[in-house]
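Chain nomenclature is as follows: A, B, C and D, assigned in order of appearance, with residue numbering initiated at 1 for each chain independently.
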Amino acid sequence: MKNASTPANFWRWFDPRSHSISTLGFALNRITALGLTLYLYMHLIVLGKLAQGPQAYDDFIRLAHSPAIKVGEMLVIAGGLIHGLNGIRIAITSFGIGAHRQRQIFIGMMAIAVVGTIIFAIKMFSV
Amino acid sequence: MPDQPHVIVIGAGFTGCAVAHDLALRGIRATVLDRGEIASGTSGRTHGLLHSGGRYCVNDKESAVECIEENKILRKIAKQCIEFNGGYFVALNESDLEYAPLFEAGAQECGIEIEKIPVDKALKVEPNLNPNVLAVYTVPDGTFDPLRLALAFAATAKKNGAEFRPYHEVTGLIMNGQGNVTGAEVWDRVTNHKYKLHGDMVVNATGAWAGAITKMVNAKASVVPTPGIMVAYDQRLINRVVNRLNAPGDGDILIPQRRMVCIGTTSFEVSDADYIPIEEDQVEFMYRCAVELVPAVKSTNQRGWWMSARPLVGSGESGRSLARTFKCFDHKATDNIDGLVTITGGKATTCRAMAETTVDVVCEKLGIRAECVTRETPLISYRNYYLS
Amino acid sequence: MNSEKWNITLIITRQKGDAKPYTQSFQLEVDPDEYVLDAIERVWAFHDRSLVFRHACHHSTCGACGMRVNGTEKLTCITPIRDVTRDGGTMRVEPLRNFPVVSDLVVDMSDFYVRLEQARFGQVAPVDEANLGYEKDPDDGGDYERLVDCIECGCCISACPISLTTPEYFGPAILAGAQHSYSITRNPKLLDFVDQENGVWRCHSAFECTAVCPSNVDPGWRIMDLRKRVIGHRIKKLFGRK
Amino acid sequence: MIDTPSVPKPRESTWLWLFKIISGLLIVVFLGIHFVVNHLLAPQGLLTYEEVILYFKNPIVPVMEVLFLVFVIAHSLTGLRSIFLDLNPSDKLLRAVDIVFIVAGVGFAVYGIWLAWVIASTSV
């Protein structure tokens, strides 16, 4: 292959220059995927405290009420919504549904993600 | 084979590629030089009409016969590059109708299969045709993809041993002590270095630029670069070529290509074909011509306009009356310079025949006996050109 | 077209041999309705004969002149200067991405052509083999989508974020070509060909290819359709049907 | 002439891709169920140890949570593998990563099932 790939090419997908809106979906999907994976395994480890009895868990939950963690949770919810809704777009277009309208679907999905995140934020911070 | 004769072909248009193809099949080593890539000059910019010969069957029977013969051969050997949907000659006024009997007689004489079909039938097949059409003849016209036709010849030539050096510009010809051409001075524009290339013979297949090459050795080639304008519109309104049924004139052929229709063309002479500016009024004129044949052009957007410089042979007469046939000059005979053969004139449809004639001359001069087999040799896929 | 004149700066990426690429600027007076390729050709004709660029038909039927103009893939022969810059503005022309550069604005498309050949995509076809697409909505450019309008210009490969990451990825035109030839021939070998790491699964639905295609082709949709066909074929095979 | 080549090692095939997509869609479904169940059973949120233990008393909950976990792990690892392919690993490296992913996936799934079992069997 004359145009051989190098691991450095991996970083190229962060390059946002002159791309149409659906590429944003691609980049967002990758970034949220990495973020959510990180969260998932951290979350699993944290839940291990449940096995250590009430003291360990409740101590942790108290810690979780700090604003920093709340913002983190917001990010997880936003990331989950973006990844999930964009994933639905990729899935249905791959099965031949709406491939001609994917751009509109993408915009619609992202609008839902934004609205969903706002609703969660209001709920979370009003408690 | 070290003692295999070596021919340098200048120009990688239709003619140059077809010459290389023919040389390779006859066992002659060919090196093709072009300052651009394949078909970067006139060839790439052709209208793309695979002529049936109908256009020339009244006034230029020699060209018409060449066209129909080569039309049939190309459809056989280069099917991959040709969209063969047929074509129409349509009459739109009394003068066109008066031309019809001449057209019928000419077509018959030249062996072109034409058929007069009812107007309503034609309108059913091509609903965008001018509804006021008075008479319609079908002809075996087709459209070819200009770049890919040249590439198919080049690919096959390459497979058979020819070498292509694109972006290698010939800056001079090498002469020996006897005043004969023995090679070319070349400028490799990719790496920006210059070198000399020696050969047993140089074929000047530069079409409209043939005069620029022969001028390097003070030889003559009576070629007149005769550009014409073409304009493309962004909808595929017809699937068949639509010709105006009349003596060849300006803006009388409308061709479907990809998702477009293209109208052409005009005819005027220039001295240098390197850059030809577009004349605004010609674009508007083409638009009016296109609308006359297919009124729906009004609802389209212009997609592109371009100029293409035909290499017409002969001088002193105006463009339209110059014959569309080709000419092969052996400069030994015309200027007493050995080792240089110029092929020019002609049209894309007849490029294989032009190559055959040229290589016949080359073989005779080199004392090689080899039959031309390009008529029967199918071209391999054009994409193979890019295989190293 | 009118007699309006613009002064623009044309910035061209140059590269010779193995030397490092650099940019060169040219001040040009242009008609804004001229095409970008006309300006480039004029630079070659009147300013610098060493400029190497690929071009043939000058009306979007051959696909030789795909380049990046101000960061977006354009077929320069049909892109009016008016669409990409303004009077006094700049016009930056670079070679396509994701292909090795031969020189200046020319890229090496041999791998691309080999893969198109492997996908058995024959793209000059008479009418009855041509209309295998769909009727596009008027607000999406209208007209009928036909893959035979693909001119192999490489714009989709240059625009594709996956091709940017992985040159081994087949890329939009090739997968679309495989979809087209499969819908004509039903040759299961084509499905095997695309059912792999660098094939149809690598696409991540950015649809850049469809956005930049100068020829009204929708490779994105065709890749999605090909996925559906590969899945259908695999499931049928799983249940022993061919 | 160039023929369509056959591919001996697809590295990513229909099945893996289909698995990724379907597990993704199932996560969406389970997440929906999770929200509904959560809302019905614990409208105040699960903020204390006791609440969690009580929540897990309903037999639907551990089953749902475990299924959800399994699909999330599967989806995350197949997804990570896709991203890893962008680094153009050699076949050997990819095989090693596959093994690590399988071991990690099974490990986390077992751990999650154990955790759910511990919680469900704990009494307040």
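We adopt the following convention: a residue touches a chain if its C-beta (ideal position, glycine included) is under 8 Å from a C-beta of that chain, and two chains touch if they have at least 3 such contacts.
Bear in mind the structure is a predicted one, so any value in this text is a computation, not a measurement.
Peer 1: Just to be sure I understand: the centre of a chain is the mean of its C-alpha atoms, right? Then which chain's centre is nearest the mean of all of them?
Peer 2: C
Peer 1: Between chain pairs A-D and B-C, which one is joined by a greater number of C-beta pairs in contact?
Peer 2: Of A-D and B-C, it is B-C that has more C-beta pairs in contact.
Peer 1: What's the farthest chain from chain B if centres are computed as the mean of the Cα atoms?
Peer 2: D
Peer 1: Would you kindly tell me how far, in whole Å, the mean C-alpha position of chain D lies from that of chain A?
Peer 2: 15
Peer 1: Please compute the C-alpha centroid of chain B, do the same for chain C, then give the distance between them in whole Å.
Peer 2: 26
Peer 1: Suppose each chain is reduced to the average of its Cα coordinates; what separation in Å results between chain C and chain D?
Peer 2: Going by mean C-alpha positions, chain C sits 39 Å from chain D.
Peer 1: Just the number, please: Cα centre separation of chain A and chain C in whole Å.
Peer 2: 32
Peer 1: Residues touching two or more other chains, restricted to chain A: which are they?
Peer 2: Answer for chain A, listing residues that touch two or more other chains: 5, 9-10, 13, 90, 94.
Peer 1: Could you check chain C for residues that touch two or more other chains and list them?
Peer 2: 110, 114, 117, 165-166, 168, 231
Peer 1: Indicate the residues of chain B shared as contacts by at least two other chains.
Peer 2: Correct list: 381, 383-384, 387.
Peer 1: Quick one: in the complex, what on chain C touches chain B?
Peer 2: Result: residues 1-3, 16-17, 34-35, 38, 41-42, 45-46, 49-50, 52, 54-64, 77-78, 102-103, 106, 109-110, 113-114, 116-117, 122, 124-127, 143-144, 146, 148-149, 151, 215-216 of chain C touch chain B.
Peer 1: Quick one: which bits of chain B touch chain C in the complex? Just the residue numbers, please.
Peer 2: Touching chain C: residues 36-40, 43-45, 48, 80-85, 144-148, 167, 169, 189-192, 230, 232, 235-236, 239, 257-260, 262, 274-275, 278, 280, 283, 303-306, 308, 381, 383-388 of chain B.
Peer 1: Which positions of chain D touch chain A when the two form their complex?
Peer 2: Checking each residue of chain D against chain A gives 21, 24-25, 27-28, 31, 45, 47-50, 52, 69, 72-73, 76, 79-80, 83, 86-88, 108, 111-112, 115, 118-119.
Peer 1: Okay, in this complex, where on chain D does chain C touch?
Peer 2: On the chain D side, the touching residues are 2-7, 9-18, 85-86, 88.
Peer 1: Inside the complex, what are the residues of chain C that reach chain A?
Peer 2: 70-72, 98-100, 108, 110-111, 134, 136-137, 140, 159, 161, 164-168, 204-208, 211-212, 218, 220-221, 224-225, 227-228, 231
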